[in-house]
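The two complexes that follow have subunit A in common; it is paired with subunit B in the first and with subunit C in the second.
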Partner chain A sequence: MAAAKSFADKLSFEQIKIELLNTAYGNDRTLIAKLDPRTLFLWYAFFGIAPWFIHSRFILAGMLLFVIGTTIMTKVSRLIIFILILGLLGESGYLLIASLFFGGNLGIIIPLLVLTMKLSVISLASITAFCSMSPERLGEGLLRIGVPGQVSFSISYGYRMLPTLFEEYNHIFMSYRLRGKSPEKHGLFYFRTVIYFIKLAVKSFYPLLLSMAKRARTTVEALETKGGQYAFRNPAVKKLKLANLRIGKTDYFFLLISVLYLISIFISSHYVSF
Partner chain B sequence: MTQIKERYTLTQSQKMMVFILSMSLYGLSNMITELVPEVNVGPVNFSIEYFAFIPLTLCILFHPFYAAIGASFGEIIFGEIMLGQFSGFGEMEKLVIFTLAMYVAGIIVNNPKNRVQVGIAAVTGVVIHQFLNMVSDIAKVWIGVEDFEAVSGLPQSVVAIEGFSFLNDVLFSGILFALLPTLYLVPRLYGKIEPLLGMKPCDNKTKYPISGILKPRFILVGVLLSAAAMGFEFLSEAGIDIFEWEADFGSTAIWISLAVAAVVALITIIVLVTGKNKAKRGMANE
Partner chain C sequence: MNELIHVENVTFQYPGAEHPVLNKMNLSVKKGEFLAVIGSNGSGKSTLCKLFNGLIPHFYTGDFEGSVTVSGLNIVENSVADLSCHVGYVFQDFENQLVQARVLEDVSFAPLNFGMEDYLQRGRRALELVGLAHLADEFVWQLSGGQKHLLALAGGLAMNPDIIVIDEPTAQLDPYHAKEIYEVLKKLNEQYGKTIISIEHHTEFIAEYCRTVLLLNKGSVLWKRSTREALSEVELLTELAIYPPQAAQAASRLGADNVPITLNEAIAFFKEKVPCGMPSVPRQKPDRSQEETVIRFDQVGFSYKSMNKKRAQVLKNINLSLNKGEQVAIVGNNGAGKSTLLRLITGVKKPESGSITVRSQSVASCAPEKMADHVAYIYQNPEQMFIDDSVKKDVAFFPRARKIKGYEAKIDEILKQFDLVDLQDKDSRLMSGGQQRRASLAIGAAMNPSVILLDEPTASLDMATRKHLTQFILKLKEQIDLVMIATHDMQLVSEWATRVIVLHHGQIIFDGNKEELFSNPALMDKAGLVPPQIVTLSLALNVEPIDYSVDSFINRFKEARGEWPLQKASQIN
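On to the complex of A and B.
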C-alpha cells in the first residue's frame, strides 16, 4: 500500500506535465536528435516493418539489442519506458495465462517471446525515431515527405497547447472538487469514490469544450491573418520553410552503421543456430 | 422555397476550427486515459479505454467528417507521439478505423435534440470501433506468431481474449464513457458551442452531403488502403512459407523477406511523395 501511495505521489499532474515537457523539448542535443528527419523516417521504415517478416530468433535478438542501444542514446524519459514495458508485459502475460487455460503447455512461451521481441523492436525503434525529434522537426519532416501542411501545423500546435490545456483541465477538475462534496463512504471496492471521480472527469470537459471552442476560433483567425490556408498549399512557402533541412555526414554515418550492423547479424545468423 | 434540404457547408476556416477543437480536446482526454491506472477484477478489465464521448459529441454537433478526422489526429499527436508510443504504420490503421466509426456515428444523428438518436449513434460508434479493433488485433497475432495454428491453445485464447475485451469495452467504456456523457453533453452544448465557432447550429433541416465526402478520390484511397492491408497479410504469410520451405538454404529466405520489407518501405515513401504531388495538382484544379 505504501509503495502504491508513493507511486501515486509521483504520478501527480505536475510531475506528468514536467515529464511531457521534457519529452517535447528536453533532449534535442543527443546525436540522434541532430539527424535529419528524413534519415530517421527511412531508418524507421525498415525497423518498423522488417520485424514482422523475420522469424529467426537470433536476428530479432540482434535487432532488439541494436534498438535498445539507440534508445539509450536518445536519453528518453523513464515514464515512457515504464508505460511501454507495462503494455508489453501485460499483453503477453494475458495471452500466456489464457492459452494455459485453454489446454496449452509451456511450449507457448517461446512463440510469445518472439512476438514480444518483435513488438519491442518496433516500439523501441519508434521511440528512437520519434521521441528524440523535436515537434518542429517532426512537423518539418512530415511536410517534406508530402503530408499536408495542416498536419504539421497541428503537431506544433498540439505540443505548444498541451501544457496549457492540461493545466486548465486540472484547474477545472480541482475547482469541481473544491465545490463538490465527495462521498462520505468509499463503498464496496471504493465503488462510490470511483464513480464520483469519473463523473468529475467527464463533467470537467463541459467548460473546457466551450473555452477550447473559443480558443480554436482565435487560433484560426490568427492563422488567417497570416494567410495560413494559402501558405499550406503554396510550394514556394514550403520550400522556404524546409530550407534548413539538410542531410549531412552524420546522417550517412548513422545509416551506414545501421546497415553494417544488420548485415553482420544476418551473416552471423547463418552460422549460429538457436 | 426549396431551401428545406439545404446543404450543410462550412468555409475552409470553419473546417479548420472544428478540426483543431476536436484534435486538442480528444488529444487531451487521450493523454488522461493513458495515464489513469487500470483496475483488473479477475479477467475483467475496468480500464478507461477512451473518452469516446468527446469525438461523439463533436461529430454530432458539427460536421462529422472534420470532427472525426480531427479526433483521430488528436489521438495520434497527443496520445501517441507525445507519450512516445507512436508506432508509425500502425497509426494509419487506427486513423482509418476511428475516423470511420466516429463519422458513421455522426451521420446517424440529424437532430441533436433527439435523445434516442444520440444514444443510438453513441453506441453504434463504439461498437463499430471496437469490432474493427478486435479484428485487427487478432490478425496481428496471427501474422506475428509463426505457425499460429500449430501452437496449441493459442488461436482459441486469442479469439477469447479479444472477444472478451470487445464485450468488456463495449459494455464498460461504451456505456460509462460514451453513452451517458454524450447524452449529458449534447443537449447542453447544442446551440451554445456553435456560435463560439461562428456558425449556425445544425438542425434537422440540414443534411450532410454524403456524395460530397465520398468523392472518387476518397473511395479510391480507401480501396487501396484495404488492398494494401490485405497484401501485407498475404506477403507475410508467403514469407513464413518460404522460410519454412527453404530452411536448409538458410539465409536466402531471410534475404527475401528483407528485400520485401525494403521494397514495402520504398513503395510507402514513393506513394507518399506521389500522393503529395497529386494532391497539389488536385488543389490547383479546384
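On to the complex of A and C.
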C-alpha cells in the first residue's frame, strides 16, 4: 500500500506534464535527435513494419536488442518505458489467461512470446524515432516529404498548448474536488473512491473543451494577423522552413550501421537454430 | 500629411446584434501619437481597434459602412495579413496569441510566414527591443505572465509596423509589470517613432504615458483631446465609470478647476495648501493576543519540480497565525508564492515541510473535499471554477453534493445578494468578466465557509466593476470568520485590509498593518509594490495620519478650511 501511495504521489498532474514535455522536447541533445527526420522516417519504415513479416525468433531477438540499444541512446523518460512495459505485459498476460481459461495449454507461451517480441520491436522503434524528434523537427520532416503545412503547424501548436491544457484540466479537476464530496467510506479495495475519481476525471473534460474553444478564438485571429493562411500557400515559406534540413554524414553512418547489423543477423540466422 | 489612420463615417454591426457597435465614427490618428482609448464597457473600444488590422470587416463579417485607411491602405481592399505588416496587435488574452513552443520561434513566426529571409534576425531584434533577448531559447510556458505579454508585443514588432495596438495591458498584469510594458511602449514611441494605441482603464498610466485620449461612448467618438484636457473632465469621466487619477478626483471634488493629473503635479498643487497642525488621530493597534486563531502555519515550506528537474522553492519557513475577524491581504510580486500559500490552506497541495492547521485540524491529513466544509477558495480566473452548465447549478454544486436540506432557498437568496438572478440560467463561461467574478464569489458564499480565500479578486476588471465588486468583499466579513485576499491591487489593500503580509521570493518579509507598510518605501520597493496614488501623495505631503482613500483625503481639507482656496488652484503650470 505504501508503495502504491508513493507512486500515486509521484504521478501528479505536474509530474505527468513535465514527463510529457521532456519526452517531446527534452531529448534534443542525443545522437539520434540530431539525425535528419527523413533518416528516421526511413529507419522507422523498416523497423516499424518489417517485424510483422519476420518469423525467425533469432532475427526478432536481434532486432529487439538493437532497438533496446537505440532506445537507451534516446534517453527517453522512465515513465514512457514503464507505460510501455505495463501495456505489453497486460496484453500478453491477458491473452495467456484467456487461452488457458478456454482450454489452451502452456504451449501457448512460445507464440505469445513471439508476438510480444514483435510488438516490443515496433514500440521501441517508435519511441526511438518519435521521442527523439522534437515536434518541430517532426513537423519539418513531414513538410519535407510533402505533407501539407497545416499538419505540421497543428503538431507544433498542439504541443505548445499541451502544458496549458494540462494546467487547465488540473484546475477544473481541483474545482470539482474543492466543492464536491468524496465517498464517506472507501469501500472494498477502495472501490468507491476509485469510482469517484474516475468520474471526476471524465467530467473534467467537458469544461476543458469549452474553455479551450474559447481560447482558440483569439488564436485564430492572431494567426490571421501573423499571416498563417498566407504561409501555407507560399512556396518560399516552405523553403525557408526547411533550410535547416540536411542529410549529413551522421545520417549515412546511422543507416549504414543499421543495415550492416540487420545483414549480420539475417546471415547468422541461417547458421543458428533457436 | 502625416495622418496614419483615417476613419470616416464608420458603422459596424455584428451579425445578430440589435444595435451597431460602432455608430458613424470619425477619427484621425497622426504618426507618432501615443493614444489612449477609453470608454465604458460596450462602448466599442476593441471593435474600433480591430478595424485597424482589418479583422473587422474581414474576419468578423457584419454590416460594415464607411471607410478606413491605415498607412494609406484601404482596409476593405487589403487583407488582414497585409494590414498586419503595418499594425502590431497585442490582444487582451495575449497568452492565446503565442502559437509556437519556443520564444524565438514564436516571435519570428510572422516574418517567417511572410517569407522574409531574415526572419530570425527580425525576431531577435524585436526581442531586444522588449528586453527578452536572453530568453530566446526558452519555452513559452516557462515564462511569467509579464514576460508572455512582452513576447506578444515582440511578436507584433517583428514585422516592424508603424502602429502598435495594445488591448488593456494593465487589466491582466500587476502594476509592476504594467509599468514595465509602458516603459517599453514609451521607448518605442519616443525613440522609434511608433504610433501607440492603447485601450486603457487605468488613468494613472494614461496620465503618465499617453499624450492624447480618445473617449468613446455607445459606439461614437465623444472627443479626442490632449491627456491634460481629457483627464481634467473629472465629472464626465466619473459618470462614464472611468475613474481619473485619485489626485485629480480629490482636487476636483475640492472645487479646483485646473486639476493636477500626475503625482508630481499633485504634490506641487497640494503642497502649500496642506492644513498645518492637523489633528492626529492615533490609530489603535489591534490586540492579537486574545483572539481566536483560525489558521496556523508552522515552518511551512513548498517546492515543485520544474522542467529541468531542479526543484523550485516556492515557499520557505512560513510561520503565521491568523485570527478570527482579520482581513488579511497577501501582497508581493508575481511568483512570490501568494497563490501557493492560499492553495496550501485548501488541501489541494500538501506542504513539503512543516504543518498547517485550520481550526486545529491538520490540513495534511485531510482531503480537499473535507477542507471544503470550512474553507472556500476563489480562483483568480473564475472560468476555472465553472464546472456546470448554468450559474445557478454552479452555485448550488456544493450544497447539492452534500444534500443539505432546503438549500434551494439559500441559493436563491445568494443569487439575489450577488445580483445574479437574471443571469442564473446562463452558462457562466459566456458572461462578462465582472459577471463571472460575481458568480465565483456567489459559489464561495454558497459553501457557507468559515474561511474564504480570494485569489486576485479584482484582476482584469474595469474600474466600474472593480468598485462594484469591492462592495461585495466588504460585506463578506459580516458572515465569515476570516477573509484572505492575495492581490496586487493596492487600492483594495489600503481600503480594506487590517493586516498585510508581504511575500518576497517565498518568504514573509513583512507582517503588520498597512500604516507601517506604506510608510516604509524601501520595503515596498523591494517587494515591487506601488502604493495607491493618494497614499503616496499623503506621504509626500507629510500628513499624519496617512490617508487611504480620496474621501478621507478631502475630508482633511474640508475640515481644516471649510472652503477650498480657488485662486491658488490656477497657479499650476
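One rule holds for everything that comes next: the second predicted complex is superposed on the first by the 257 of 274 C-alpha atoms of A that agree within 3 Å, B and C clash if a C-alpha of one lies under 4 Å from a C-alpha of the other, contacts with A are read in each partner's own complex, and residues count from 1 in each chain.
In this text, a contact is a pair of C-beta atoms (placed from the backbone, for glycine too) under 8 Å apart; a residue touches a chain by one contact, two chains touch by 3 or more.
These numbers come from a predicted model, not from an experiment.
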With both structures lined up on subunit A, is it a clash or a fit for subunit B and subunit C?
fit
Mind working out whether A:214 is in touch with subunit B, subunit C, both or neither, as first, second, both or neither?
both
So in the superposed three-chain picture, is A:181 touching just subunit B, just subunit C, both, or none of them (first/second/both/neither)?
second
Give one of first, second, both or neither to describe whether A:229 is in contact with subunit B, with subunit C, with both, or with none.
both
Which partner chains sit in contact with A:159 here, subunit B, subunit C, both or neither? Use first/second/both/neither.
both
Taking C-alpha centres, what angle do subunit B and subunit C open up at subunit A, rounded to the nearest 10 degrees?
90
Looking only at subunit A, is it subunit B or subunit C that touches more of its residues?
B
Would you sort A:266 into first (subunit B), second (subunit C), both or neither based on which partner it touches?
first
Rounded to a whole Å, what is the shortest Cα gap between subunit B and subunit C in the overlaid structures?
5
What is the shared patch of subunit A, the residues that subunit B and subunit C both contact?
157, 159, 210, 214-217, 219, 221, 223-224, 228-229
Could you pull out which subunit A residues touch subunit C in their complex?
14-15, 18, 21-22, 25-26, 135-136, 156-157, 159-160, 163-164, 168, 171-172, 174-182, 203-204, 207, 210-211, 214-219, 221-231, 234, 236-237, 240-241
The subunit A residues in contact with subunit B across the complex are 11, 16, 20, 23-24, 41-42, 44-46, 48-50, 52-56, 59, 76-77, 80, 83-84, 87, 94-95, 98-105, 107-108, 111-112, 114-115, 118-119, 122-123, 126-127, 129-131, 138, 145-148, 150-151, 154-155, 157-159, 161-162, 165-166, 169, 189, 198, 201-202, 205-206, 208-210, 212-217, 219-221, 223-224, 228-229, 233, 235, 266-267, 269-270
Any idea which subunit C residues touch subunit A in the complex?
53, 55, 58-59, 79-81, 84, 87, 89, 91, 93, 95-101, 105, 109-110, 112-115, 117, 119, 139-141, 155, 304-307, 309, 346, 348, 367-370, 372, 376-377, 379, 381, 383-387, 397-398, 401-402, 429, 443, 447
Show me the residue ranges of subunit B that touch subunit A in the complex, using the header's touch definition.
12-13, 16-21, 23-25, 27-29, 31-32, 34-35, 41, 48, 51, 53-54, 57, 73-74, 77-78, 81-89, 141, 143-147, 151-154, 156-158, 160-161, 176-177, 180-181, 184-185, 188-189, 192-193, 196-198, 235-236, 239-240, 243, 250-251, 254-255, 257-258, 260-262, 264-265, 268-269, 272-273, 275-277, 279-280, 283
